[in-house]
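Alright, structures below, take your time with them.
Each of the next two complexes has chain A plus one other chain: chain B in the first, chain C in the second.
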Partner chain A sequence: MNFYHNFFEQAPWILRLNFILSLCFLFITLAMVGFMLYLRLHKNVRARRKKFLDTILIEFVNSYLFDEDFDKKAQTEKINQKHLKTDFDRKMAIKQILMFNENLKGESTLAIKELFINLNLYQLVLRDLKNRNWHKKARALFVFSQLSVEVPTKIVEPLLNDKKGEVRQQALLYFLKLSVNNPLGFLDKIKRPLTRWQQIYIENGLKYAENIVVPDFSKWLNHNLDSVVSFCIRMIAEFNQFENIDKLMPFIAHEKEEVKLEAINSLCRMEDISLIPILISRFDKESIAVKSEILKVIKSIGSYEDLKILSNSMNKEKWNIKIEYHRVACHFKPELKHKIFSKKVGLDKSSFTPPLLQSL
Partner chain B sequence: MKRILIIEDNPMVVKSLEFKLKKDGYEVIIAEDGRNAMDKLSNESFDLILTDLMLPFISGSQLIEFIKEKSPDMPIIVLSTSTQEDIITDAFNMGVDDFITKPFSPNELSLRVKRTLGKVG
Partner chain C sequence: MEINFYQITEIASWIFLAYGLIICTGYVFSAVFSLIELRDYKRRHNFQDEIALLQSSNLPMVSILAPAYNEEANVIENVKSLLTLNYPSYEIVIINDGSKDGTLNRLIETFDMVPDELLHYNDIPTKEVRGIYISKNKAYKSLKVIDKENGGKADALNTGINICNHEMICCIDVDCILERDALLKLIKPFLKNEKKVIASGGIIRVANSCIIEDGRIIEVKLPDTFLARAQILEYFRAFLMGRMAWSRVDGLLLISGAFGMFDKKVVIEAGGYNPETVGEDMELLVRMRRMMREKNVEYSVGFVPDPLCWTEVPQQWNILHRQRNRWTRGTVETLWEHRKMLFNPKFKVLGLISTPYWLFFEWLAPIIEFCGLLYFFFLLLFGQVDWIVFAVFFAVVYSFSLLFSITALFFEEFSFQQYTKPAYMFQLVRTALLEPLLYHPFVMWAAIMGNIDLIRGKKTWGKMVRTGLTNPEIKTQ
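Now for the complex of A and B:
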């Protein structure tokens, strides 16, 4: 004690400062090491608990699903009271139930859903759905849609326009999965554009989900959001809704390039050849991306004669369009390839250049 | 009692299969990966193999080739998440007897096991 008293009285200030800082750093280091040890210990305890719960839950769910002599009510109550005491325990139970749901189908699906309700997990997930944290909301929606458990629409509907993309995505997947007769009804309620990923998820949902009634996509062709209109135009072709060809035609003159491209592409996929004269007549007014798309349409469903109509327009076109044009020409007349090449590199200057290639 | 070897790395699926097949009266042996399965196949005899295609260490396809070389008449049922036509066709070309896709119906699987063993028996 005397040493410290003397030290602080007599030592120069720099030494005293040094001493104080050393003590601070020592304290911080010890605190950090202690915290790391605590985290490691905590992690190990949780991992042990998880392993223990996994074993018990797998055994329990298997008996619940496949053992006719299993006393479902009593055993569910027992596992609820004895093992599912904390939120962590219940989350482990949800994880296992989702795993069973992912791997089993048929009569087991209903039993899994019933078990989810009987283990009082519905309340926990619903609480997460009302939570302010976006990741909890998104996870809750995922659980409900995976297990096809319905929740009051007034809780889920606002989440379709949540500020977080992940929440919006899970909300629309929820509606897609649970509204079997009107799977795209949520499109009438969304106010934010559909991202490309959301569009892919919806398309996959419609293609691979069981018992879903594919809707008439023309219902949303006048939607306020261009992303919804583009998506529906694409889906009309994807699901071969040929009866909507006439409704798509006006969209090849749409003011938004994204929508226009989608309409041209979809009509081309549905092999509507009446599209070609209209596109040729509009060629000069279009942007480079649309011109390129028009050339692809001619290559796909048009003819060499259609292409020749555009030869005069090529003089004033940019190089990428000219190249695209000649690619299409070579597709129809492979023998022209040599002449285009000769002209370009000057190998055969005396060769005849057909009118089609004069713009080169 | 007929002996069935289950080769699967997902503990949940393993337990479900084991539970269901034991209830149906079969003796069930488990291998969690391809290497373990090869050891068991070299030292023991089975009446049916139920295998996944995506396994640690040795793939399901390599395993099927190994089984078919060792005992060509051994019935094999593949249980896989794959729904791709070429993968399913390849499996049948290698000589598997049945292909069940995940998610699977346990009752349907039970019937298919019974049918496959019935054909052999």
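Now for the complex of A and C:
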């Protein structure tokens, strides 16, 4: 005791500060260890509660959906009062409902929606949707879109341009799922580019969601966002909208390389051979990436004769394009492989790998 | 003005104290940023199964590049493991970097491979390619083996970059164990970002003592040796606290060479891996970032905190010494090569925070620490040590380093909790108690030797002996 008294009386402030800091650090360390133990305990308690609730909820939902003698009103009230007391309990209930919703189709989904509302979960999720926290908003949108539960458009629409990507994405999916007749109507309202991730989600939604009318993607070919234009060009090929081939043609001369490549690729996927002469005529003035794509198109839907037209251009091309050209030539004429190699390798042997030289 | 001995010691004490305070403040900020980033990551991924969706046919195709040097013992197991990754479209390119053992023959025999006269263009100059092999068996159609003259890891990766087919490349160490959905998760930053993403990296975990079957981690166990356990804590600090924080401020300078994904076009444009440095992974990312900034292109670097890649860490002190020696040389070489970025506002976070941080707290930290130790011995020699002062300063440094390790352990508990048994947690706490006394001084010494070796002009990696995760085996690099 005397030591501490002397120390704090006589030691310079820096030592006293360090001494106090050491104690603080040690205290925080102990608190951290304690908190870790608490976290583990908390996780275990929650896991047990989850397991218990899952068992009860699965039984309840099954009876609600499939047991005709089940007293829906009374039992719903009972489960609400007895088991769904906290937000955690209600979240578990939502999880179970989503799981049932995913695995069931037809009339059962209507009953699930009804159960969702009867358990007062709609209010809870709507509250989350209006919350300031982005993750709550995103989750609420996810629940509503999964269950196809409508909420006032004025709440969801601004979220299409939210600053958080996750919220935007869930808002897109909400409109995609809920606007059955015009699933991509939201594209007219978005102001931020569609990420590749969002595009994959939208495509997935269009392919697998029930009762969705696949729209005519050409409607958005003049959208002011290049990402939307590229997406729609890709979707035209993905959903085989051959009637839009003519509308795609101008895009092979688009000023943005990304859009141009998408258009060439989509037209190729739709096997539109009228594309080849146009691409060949444009070959010389294109960038390396587009030239490479043109060679791929010729390999995919063209012929050796088409390729030969480009042979004169090859003399002034860079080596990677020359090699791309030779690869396509080998694809058409595998029997001439060695001849092609010897003829072209003569240009600059040093740029080729030894196996080629050995084959001469 | 005359300065006496006591004034000199006082000035030195204040300098060391100020440095310590700055470094501690940096660590506190890093912890706060990491926590925010981890929390957001968990929030982003807590309500939907994205993995099923990620199997869309519209995902970019990926080339996995794995250099192999004298990997005869494990290469087949490792390739088989890579062949079972969960991703819709990818190719595996194994680059045999002039192995002296039977690595190439084992690959050819096991996977029924034949020479392929594939034409390719060398975007990046490399050592001579002796042959390219593809499999006759359709089950292995995504596998390609390149046989080349020995030129080191960077040269091998450059060869892979020249020959691979896809626009996204994932560079890995062939002896690493990847989680099945590793590619699916690592590609996400490229897809989710509105800016162009040039690279993404993931967390590397320690696989020593884990139970592995068919190239997969079946059970995560804590290693028996103190050395490996200390490295677990170190990896927690480096990845869960350090890189998460850097990722938050978009200031990442390093994506581990063991597992990283890159945009091939940007890599080629930047000139590929530099075979002249031993820290090729860091150097490439810094060069790519520098190039993008100089071209004024908006871009980003992603980081995924999920445990996606497991690696074996050294379990012998001498091997650890070589590894840390090399890491130090790599850091200094990179910082020197890109010294133009230091304190340069043109490079924003990279110039004003990241590179100065690496200079002062990654490179200089062990040197200053060593000087501090020398200074202490100097005071001891002249009988100038006030033991109360020593005890108080030692207590504050020790308690802070302990707190830092425990915070990293807490982050692991909060996020992924890979070490599920409570006993493991207590073992790691015990390791954290000993680590500042036993492990840290050794690592500091290895870094000092790295600096000395750099001055001497040492350029080699040094022999890396591994016990092997599946079979005990000696590999050399």
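Throughout what follows, the second predicted complex is superposed on the first by the 295 of 360 C-alpha atoms of A that agree within 3 Å, B and C clash if a C-alpha of one lies under 4 Å from a C-alpha of the other, contacts with A are read in each partner's own complex, and residues count from 1 in each chain.
Everything that follows uses one rule, which is that a residue touches a chain if its C-beta (ideal position, glycine included) is under 8 Å from a C-beta of that chain, and two chains touch if they have at least 3 such contacts.
As the structure is a computational prediction, the values presented were derived from the model and not from experiment.
Once the two complexes are overlaid on the shared chain, A:199 sits against chain C while remaining clear of chain B.
Of the two partner chains placed by the overlay, only chain B lies in contact with A:96; chain C stays clear of it. Applying the stated contact rule after C-alpha superposition, one finds that A:108 touches chain B and leaves chain C untouched.
By the touch criterion defined above, A:62 reaches chain B but does not reach chain C.
Of the two partner chains, neither chain B nor chain C is touched by A:273. Of the two partner chains placed by superposition, only chain C is touched by A:21; chain B is not.
Touch counts on chain A: comparing chain C and chain B, the chain ahead is C. Look at A:165: by the touch rule set out above, it reaches chain C but stays clear of chain B. Within the complex formed with chain A, the chain B residues making contact are 10-13, 15-16, 19-20, 23, 102-108. Across the complex, chain A meets chain B through its residues 54, 58-59, 62-63, 65-67, 96, 99-108. Residue ranges of chain A in contact with chain C, taken from their complex: 7, 11, 14-15, 18-19, 21-22, 25-26, 28-29, 32-33, 35-36, 39-40, 43, 135, 138-139, 142, 165-166, 192-193, 195-197, 199-201, 203-204, 234, 319-320, 323, 326-327, 330, 337, 341, 351-356, 359.
Interface residues of chain C, counted against chain A in their complex, comprise 17, 40, 43-44, 46-48, 53-54, 56, 58-59, 115-123, 128-132, 188, 190-194, 388-389, 392-393, 395-396, 398-400, 402-403, 406-407, 409-410, 413-414, 417, 422, 425, 429.
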